Amino acid sequence: MGIKIVPRYGKSLKDRLYLPAIFSGMKTTMSHFAKNLKDTSNIKTECYPEMQPTDITSRYRGVHRLTHRDDGSIRCVACFMCATACPSDCIFIEATEREDGIDEKMPSLFNIDLLECVFCGGCAEACPCDAIRMDTGIFSFVATKREDFVLNREKLLANKAFRGEL
Amino acid sequence: MTDILFLILSLFALTGAVGMITLSSTMHSALSFVVTVMALAGLYALLSASFLFMVQIIIYAGAIIALLLFIIMFLNIRQDHTPKEPNKYMTMLLIAIVLAPMDYLLFTAFARMPHIEDFSTKIDNFGDIKMLGNALFRGWLLPFEAISILLLVALIGSIVLARKKERR
Amino acid sequence: MNTILVVVIVINIILALLFSLGAAPILVWVERRVAGFIQDRLGPNRCNINGFRLGGLIQSFADMLKLVFKEDFKAKAIKEKFVFTLAPVIVFVSAFLSYMVMPFADNLVIGSQTFIMQGLPINLGALWFLAFAGLSIYGIILGGWSSNNKYSLLGSIRAGAQVISYEASMTLALVSLLVTYGSINLVDMVNFQSKLLFGFIPAWGIVIQPLAAVIFIVTAFAEANRTPFDIAEGESEIVGGYHTEYSAMKFGLFFVGEYVAMSASSALIVTLFFGGYNLPWLGTDTLKENFHTVMLAIIVILPLLSLLFGRWIVKNNVWPSKDDKRNNESKWLIRVLILINIVVIGILGCFLINGITETTTNIAVAIIQIATFAIKLLLMNFVFVWVRWTLPRFRYDQLQNLGWKILLPLSIANIFLTALVVVGLGV
Amino acid sequence: MIEASFMSYISLCILLFSLGIIGLISRKNIFIIYMSLELMLNAINLMLVTLSKYFGDIDGQIIAMMVMAIAASEAAVFLSLIVAMFRLKKSANIDDYNTLKQKGTL
Amino acid sequence: MATITVDGKEIYAKDDATLIDELLANGVNIPHFCYHPSLGKDGNCRMCMVEIEGKKRPQIACDTPVTDGMVIRTKGENIARVKRQILELELINHPVDCPICDQAGECSLQNYYMDVGLYDSRLDTPKNRKKKHIDLGANVMLDRERCVLCTRCVRFTKNITKTHELGVVVRNDHSYISTFPGTKLSNPYAMNVIDLCPVGALTSKDFRFHQRVWFLKPLEAICDGCSRGCSLFVDHNKEKYKDDVVYRYRPRFNKDINGYFICDYGRLSYKKENENRLLNAYIRGMESEFEYALLKMERLLKRYNSKTLFLLSPTLSLEEIYRFKVLSQKLGAQISGFDENFDENFEDDMLRKSDKTPNRKAFAYLEIKDDIDSLKEQIKDKDFVLLVGRDDVETIENLGFEGSVGVMNYRDFKQKDKLDIVIPTVSHMSREGCFINCDNFIQFSSCKIDKNLEAVNLLSFLSTILNDGKTTCEDVWNSGLGKMNFLKNIKFKSVKTNTIKIETK
């Protein structure tokens, strides 16, 4: 019941000679080679800096951003849920009293170390205030110094959503 | 030209040989011997034994010493496996002193052979593969066959010797 | 010693250098582009000098430059510094020397003098190759041993055992060829292959000695440490094998040495089995006799081929943005193609109109043969690359089984059979 | 300047042979002893080739070839013996290979 | 003894106890807001409902006396429904601003909601808005929206401190906690209301927003603020790329010493762990390498030998004092424990004592003199005085001492540039040790926070000088401290876990 008998290969002379199998393999690779040599436009490779990717979906997890309230101030209340959820401990927050009367608490420091981030999306998932999102669509980040990979509060707030702010 | 080549090659051969018997590390010693073997191959070429020159490189350098190096590596011979020889140079000196008169004897014996001018000029096709083959398969067929049997025996013998004992 | 002799020797050495050393970057490029195309990728295609990228060939030179300028790092644990440095040199030099005996063209006759078109004019060509291909094992063993690293040592033991094992079969396969061709001189062997079998098949080694050809090609793969026999390295078990500890140009020498060895192997395979510098059905003498027809054929065929190639370039060398510097490349390439056409056709036309001396014919034939050899060499190298990107690596025991239990008996049987046929036919 | 004459080859052979003997007797490392033996064989080979050239007779080279063949088979047997012995004794010292020696005597 | 059955399991309870006490003592989880063991029942929150067989409706466990043969259910469909409804009631006007609430993570409301709540809100009218973040004084912040009106804080000021600062004002769902107009919460124990508050209504101004509580790791320790030696939880955390920081002290229940509370002074004394630390070793006023200074100290002790006086602080642990005694006996040096850190105003009749050091009793037990007269006698022919655990150089200067002075302490101090040698030691919360409090209770402080500072542990320092490798408290006990007369009946193992009273002659 439910037993599937898998046929065993390698007993016949043709199998044990190996050469037919080798040649059929080489035929396959040759056909690919010939097809691609004849017309390189068949190849799916995108020439990246010239051709930007078009298939970034709204669920793509890019570099983080911090969202704004309606009045343009920071939405984050420094609840540390993202830092708690982060598996790579790459979010560094310091909370402070918020003086402008909009809320009670906000982050005085909100750093994300992109070199440590694993882009799991746990922070965006954990955020109770919808303050951190990964919908910027930024998939490539470059810097010349390690320090430049640490995004601070202002940089995170400046990041825009890939398809406009929802 | 040939003189200079001979000088260089013999120098290499001697240095290699001296290095081989004096160096303490087995690996270095073997490497030093490779130099000797290659230099000797060059000397064969100078002596217009071109086939032997190739055979020397293929068999001696390419197979025998390579196998030796391989075994040294394979057995992982370390410093604590090799014996300590505190007074090897003394022994060498003693043996050299003993050997010196014998060498002199040999040298004088050879020196009495008739002198040939321009020893290193080439006789046509001497040592060529055709000539060698003809001599080998006409006059030396029986020894050749005997040696092939010897090789076979050595092959089987070495396999029997080196295999691991099956434990029951 | 006259000027022509010196010129020919120099040309020979330059050709040998070109075919071996110059081949390395080109082969790296071929390797990577072919791998890309086989796997439906593009491969390296963007390294360029002012827009010129020659299909990515510039990448190889960039890589070379990188290897030269990299820090030559040496681990502290490496005690045998001299041996460590010597090992890649041995690999490189032995691969390079084994190349020196390949004949690029038939013996060139200029006036009364005859020149052997080899880097090293030596009679024992095949044996020379075997000798120096065998010496490369020293580089492998010493490199692995002096690295003072378990991975390196294991890799070098594996590679060394493989090279020693396969050398036996290779030599024996060669012996059956020697019996067939009746000579050990590579030029003689090639000239034997310019004959026709039954009047219409070129008597190439692969036709008369198919088994020896298969065995020799397989063992050549093993000697050059190419896939499927590249067990010297193994990313999962022994990392980089014997060159794990090497960096910068020391690694570069290993790397280049591997390609030179591959190139040398293919050159020997071409020489032994694919008619060497001979065009099929067109031996040296036939070429010389019908040289006018050949010139006419070239005048017709060259523009046609150039047209096809130019169209291919125009079709495939396109970059998305209009003002891309790299788009100019096609234009220039096509101009160069046209220039080549004009020059070649012009020279040949001159010859056709003015008539041609015997020496010029000989030289022209030699050039055609060199070109033939180069194309065959490239194709054979392509086969090496093609096989590498098709077949997976052997397991170590399978490899030894194949070497000792299949290839060795087969090659011995082949010698036996060949000897029987040769003696029976009384050739 | 030493002329590349017959005698220079002969003296090189004698020197190499003597070095072989010195190494053979003075060293205790089994590998070096083996290589000393090979060195002596090589010296003899060189002498054979020299003499073959001297007499214009190819037979010397043929004997040299035979010596090489014998050296090859010797190498195979020797190395397999070494592998077996080394597994047993874990030493490359010939003084350790004394299984046949009667205990308590010199 | 009464036998009651809880959820099918029999437990033995005291006869006249309330049900909730016995249930909590037996590890049965009973949600409650208003009940607190030290404050007693109030019965206003209705959270502690249990079903009792024979009673029609569920009863509150905090106001039900235990009777023999009671059969109780704390789980089940019915009781869960009741609890859910009560929670819904509590949460009607709660702002649910857990992200900015400091109590999140140790909030009863959160926990109970996760246990039994988990309903969707049925509210479609706006919530009652009340005033948020009101400074009550004494480091306490009030958030009236979050308050569930359990009145624990009110009862604390009424019953425990008897200062009557807090009360509930206004009726029904507009009622809130307040101080009387124009007054502030001000008593030396006021911050205990923060611990008492089951929700985030009362939070510490000092701790607010500094760290989320789920990151904190509690360790058990003894307060070194006064000779009461209250039991503490030390909440500390080591953040990535930062040093280990102590964020707060919380009272740890200890029925012999401090009950459920500690004074504000002790609670805020955590700051000295983080601030004003001595960071470098100094030799003759120059910054010196730490290792070198240790070697120098060793050489100094060897040079002055019997001309040394160890002036120990009563803040040192019993083990450290004992080891210094052993060292002084070996060197033939003198040892004194004179210290005048008293503050008569500090003492009250609840917990605070006038002696502001935790271990002065140990000198008496170890027969070390700690009076000024004997110190005067001892210091006369000495060339080197080593102050350990203290930096009051003026004490010996006042006695006219003019030889070399060394200090080993963890606090930064002014005169460090004038002394011969200054070596930083680990602080109170970074080393283990026993302390004997004013009532002869011996307690073990096991808090050992590993700070990234160059500082020496006195026990390991002494072990290198005495060269016997006894670096832990247990080693010291085994090496002779445990055999001393006053500790004869006491095992180190039991001290580690219990508070034990030393029998005095």
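Here are some notes:
The first chain written gets the first letter, and so on, giving A, B, C, D and E; residue counts start at 1 in each chain.
One rule holds in what follows: contacts are C-beta pairs under 8 Å (C-beta built on N, C-alpha and C of every residue); 3 or more make two chains touch, one makes a residue touch a chain.
Note that the coordinates shown come from a computational prediction; the quantities given were computed from them, not determined experimentally.
The chains in contact with chain D as well as with chain E do not exist; no chain meets both. Path length between chain C and chain D in the touching-chain graph (shortest route): 2. Contacts with chain A and chain E are shared by no chain at all.
Among the other chains, the CA centroid farthest from that of chain A is the one of D. Just count the C-beta contacts per chain pair and the biggest one is B-D. Averaged C-alpha coordinates put the centre of chain C at 81 Å from the centre of chain E.
The geometric centre of chain A is 65 Å away from that of chain B, both derived from CA atoms. Note: centroid distance chain A to chain D, computed from Cα atoms, is 68 Å.
Centre to centre, using the average C-alpha position, chain B and chain E are separated by 86 Å. Annotation for chain C: no residues touch two or more other chains.
Counting partners per residue, chain E has no residue that reaches two or more other chains. The set of chain B residues that touch two or more partner chains comprises 51, 63, 67, 74.
The touch graph of these protein chains is an open line. If you check each pair of chains against the touch rule, the ones that pass are A-C, A-E, B-C, B-D. Listed in rising order, the residues of chain B touching chain D in the complex are 2-3, 5-7, 10, 13-14, 17-18, 20-21, 26, 29-30, 33, 36-37, 40, 43-44, 46-49, 51-52, 55-56, 59-60, 63-64, 67-68, 71-72, 74-75, 77, 81-83, 85, 88, 91-92, 95-96, 99, 103, 106-107, 110-111, 113, 115-116, 119-120, 123, 126-127, 131-132, 135-136, 139-140, 143-144, 147, 150-151, 153-155, 157-159, 161-162. Listed in rising order, the residues of chain C touching chain A in the complex are 34, 36-42, 46, 214, 315-316, 319-321, 324, 386-387, 389-391.
Put simply, chain D touches chain B in their complex at residues 1-12, 14-16, 18-23, 25-29, 31-32, 34-36, 38-39, 42, 45-46, 49-50, 52-54, 56, 58-59, 61-62, 64-66, 68-77, 79-84, 86, 90-96. In the complex of the two chains, the chain A residues touching chain C come out as 19, 22, 25-26, 28-30, 32-33, 36-37, 39-45, 47, 50-51.
Looking at the complex, you find that chain A touches chain E at residues 77-81, 84, 89, 92, 95-97, 103-105, 128-129.
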